Amino acid sequence: MSTLHTVNKSPFERSAFSSALNHLKPGDAVLMIEDGVVGARKGSAFAGLLESAAKSCAIYVLEPDLAARGMGETDVIQGANLVDYGGFVDLVTTHQRTQAWL
Amino acid sequence: MKLGILVNEGPYTHQASDTAYQFTKAALEKGHEIFRVFFYHDGVNNGTRLTVPPQDDRNLQQAWSELAEKHNLDLVVCIAAAQRRGILDEGEAKRHGKDASNIAPGFRISGLGQLVESGIVADRLVVFGD
Amino acid sequence: MADDAQQQVKKSFMYVNRKAPYGTIYALEALEVVLISAAFEQDVSLAFLDDGVFQLVKGQNTAGIGMKNFSPTFKALGDYEIRQLYVERESLEERGLTSEDLMEITWEDEEDDYAKKPSIRIVSRMELTEVMAQQDVLLNF
Amino acid sequence: MKLGILVNEGPYTHQASDTAYQFTKAALEKGHEIFRVFFYHDGVNNGTRLTVPPQDDRNLQQAWSELAEKHNLDLVVCIAAAQRRGILDEGEAKRHGKDASNIAPGFRISGLGQLVESGIVADRLVVFGD
Amino acid sequence: MSTLHTVNKSPFERSAFSSALNHLKPGDAVLMIEDGVVGARKGSAFAGLLESAAKSCAIYVLEPDLAARGMGETDVIQGANLVDYGGFVDLVTTHQRTQAWL
Amino acid sequence: MADDAQQQVKKSFMYVNRKAPYGTIYALEALEVVLISAAFEQDVSLAFLDDGVFQLVKGQNTAGIGMKNFSPTFKALGDYEIRQLYVERESLEERGLTSEDLMEITWEDEEDDYAKKPSIRIVSRMELTEVMAQQDVLLNF
């Protein structure tokens, strides 16, 4: 009965990402897409918050969006899983509902 | 599975329409059914046939129209949102005394009830926006 | 098709409002969806968090900006049988707001001699998280 | 003083066009000169004559067109941004083989140089956007 | 030679407002418009930052936008001055340049 | 008129980039203004702060999202005599970035035997504030 939360905004620019993290339940999943992928970067001022969320929730990053912004697997926090658009579809179908934090 | 798609932003300015398109294509490739793609807010601007993107750029309206034709997709533009933003089909143009229409092939104009219906009928509703 | 859908399923829809009114159209166009959804006999609720709480602040006067004041529509939601407006307490507090700053929004309880009952429930972030996790469909605006 | 105005968002979705309009009107009332109003990004969508806003709402395109006529304003829509978003005058429509145009009265389509020129010639450039 | 900074975004939603405050020089002016006016509210989590900025810079709020959001003079931090669209025009002409923190 | 304008005044223009690339079009359309402005013989500089610093990150590959990679255009700015790209250090640090993560952008100094010189200057927030306060025209994207 868990929820997939999609986040498409940079946590450095908007509050949407933090708000999503504040409304997670253990077992939920977070998928970063579009500008949201910059929040996955390790060593940033936001990384700590995301790493704590990763303890009880699964964290995913849309790889095509990450690559567009010049980043790859080695640039993101530990525990974040890269997926492609097909993986995005699978996350939608395997979770009960999707909440888009626009 | 049966999926509903909601696109809340126009083409080019925000990535929402691109991501929704890539998602929809991937879902079809995986054998899922797309119940409907609903365009709301500035999303209605995806449905104008008057765009002329640069030659080295993607043509989002055309991409949606082609995907719709290939997979018999139902692309619905919200009528209230479309009127505010100047997206009209021929009937709407006539009804409001406008001298031109601009809706693109494969898109149809209808009411917000079609979005609510997507939420009811589809197994999952996936939202793309700003 | 719409009739079929109505007969088949009753789902819970939550409309999640996170943006201030007037600066963008999202609040107004969200309300338009909410009103339409009432016709489909689903279980409809609204959440107001983050800057969405500003949508419910009383005394809105849009004469000076030349836009329509749509806040009275929230007061009419009870007539559409939409009676569950969740407002997040933490979002209010961060913005220097209290429940006193919000419009009074009520619904009439037919089964209790048409007594006016409040539609707004101030809930904690944790309570709101629980309510959101029980929905079939979540639409964020 | 000579003022340049830049509008970066379309009508209704963001308040930018409303605020720019109110600002422009107030500046004219104070006797300032408006060198040009330039519409960029989604701002080009202010220049379509096909909008049909609800009767109890303001009509932003018409407000701009009327202000332009009354004060002889130069309303310029960026050509590159307009092509991407489907805003065309008759000449552009013909040139690109489109069967309709939608530019509103009082708006003209031109290049980005007109924005840079605003910055050079005007004493102040004031920007409205998202 | 001072700058007028316009801010049209809520400080609770976007980083633009904080970024503007981080790039002020003494004697500059800040004008809150559109959704930016909610940042003027007293007693909020942001009020302290704005009050410190008010020590070296002039703070203005566009009154029509404030009224639209149900607020008035008594709701904003001390030291914030309300202006109308004509006052906005005057602020533009009396400062050397305008920077819009979009 | 454009010719008149050029002859009359030489102003300093700064294009202030605060948004990440691709999620919105602002970065790309800002660059289009910058390129046009080069023809007007003004004093042009660019600032990258907040998420704008992501525009300069090297190795951008947009094949997967179906959009055009416009980052190589930044490398061509030197040919348009645009040689002043200010990048805010604090913005880099908050995002876990260093100057090593950015593209190499250079211009050729004719007066120094066409030596390639760096166009990017990493500056502190305070330094950037000073540079912005000296501009005639500031355009934020």
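Letters A, B, C, D, E and F mark the chains in the order given here, with residues in each chain numbered from 1 onward.
Definition applied: contacts are C-beta pairs under 8 Å (C-beta built on N, C-alpha and C of every residue); 3 or more make two chains touch, one makes a residue touch a chain.
These numbers were taken from a predicted model, which means no experiment stands behind them.
Among the remaining chains, those touching subunit C and also subunit F are A, B, D, E.
Shared contact partners of subunit E and subunit F, listed by label, are A, D.
Centroid analysis (C-alpha atoms only) places D farthest from subunit A. Using CA-based centroids throughout, the chain positioned farthest away from subunit B is E.
At the interface between subunit B and subunit D, over half of the residue numbers appear on both sides, which makes the contact a same-residue one. Work out the mean CA point of subunit B and of subunit C, and you get 26 Å between them. The geometric centre of subunit B is 38 Å away from that of subunit E, both derived from CA atoms. For the pair subunit B and subunit D, the distance between C-alpha centroids works out to 26 Å.
Within subunit F, the positions touching two or more other chains are listed as 18, 22-25, 50, 65, 67, 136-137, 140.
Touching two or more other chains at once are residues 12-13, 15, 19, 22, 41, 57, 80, 125, 127 of subunit D. Residue positions of subunit A touching 2 or more other chains, listed in rising order: 8, 12-13, 15-16, 34-35, 64, 84, 97-98, 100, 102.
The set of touching chain pairs reads A-B, A-C, A-E, A-F, B-C, B-D, B-F, C-D, C-E, D-E, D-F, E-F, using the touch definition from the header.
Interface of subunit F with subunit D (complex): residues 1-2, 5-6, 8-9, 11, 13, 25-26, 29, 32-33, 36-37, 39-40, 42, 136-137, 139-140. For subunit C in complex with subunit E, the touching residues are 18-24, 50-51, 54, 57-65, 67, 69, 71, 93-97, 101. If you check the complex, the residues on subunit E that touch subunit F are 1, 3, 15-16, 19, 22-25, 97-102.
By the touch criterion given at the top, residues 12-15, 18-19, 21-22, 56-58 of subunit D touch subunit C in their complex. By the touch criterion stated above, subunit F contacts subunit E in their complex at residues 16, 18, 49-50, 125, 128-130, 132-133, 135-138, 140-141.
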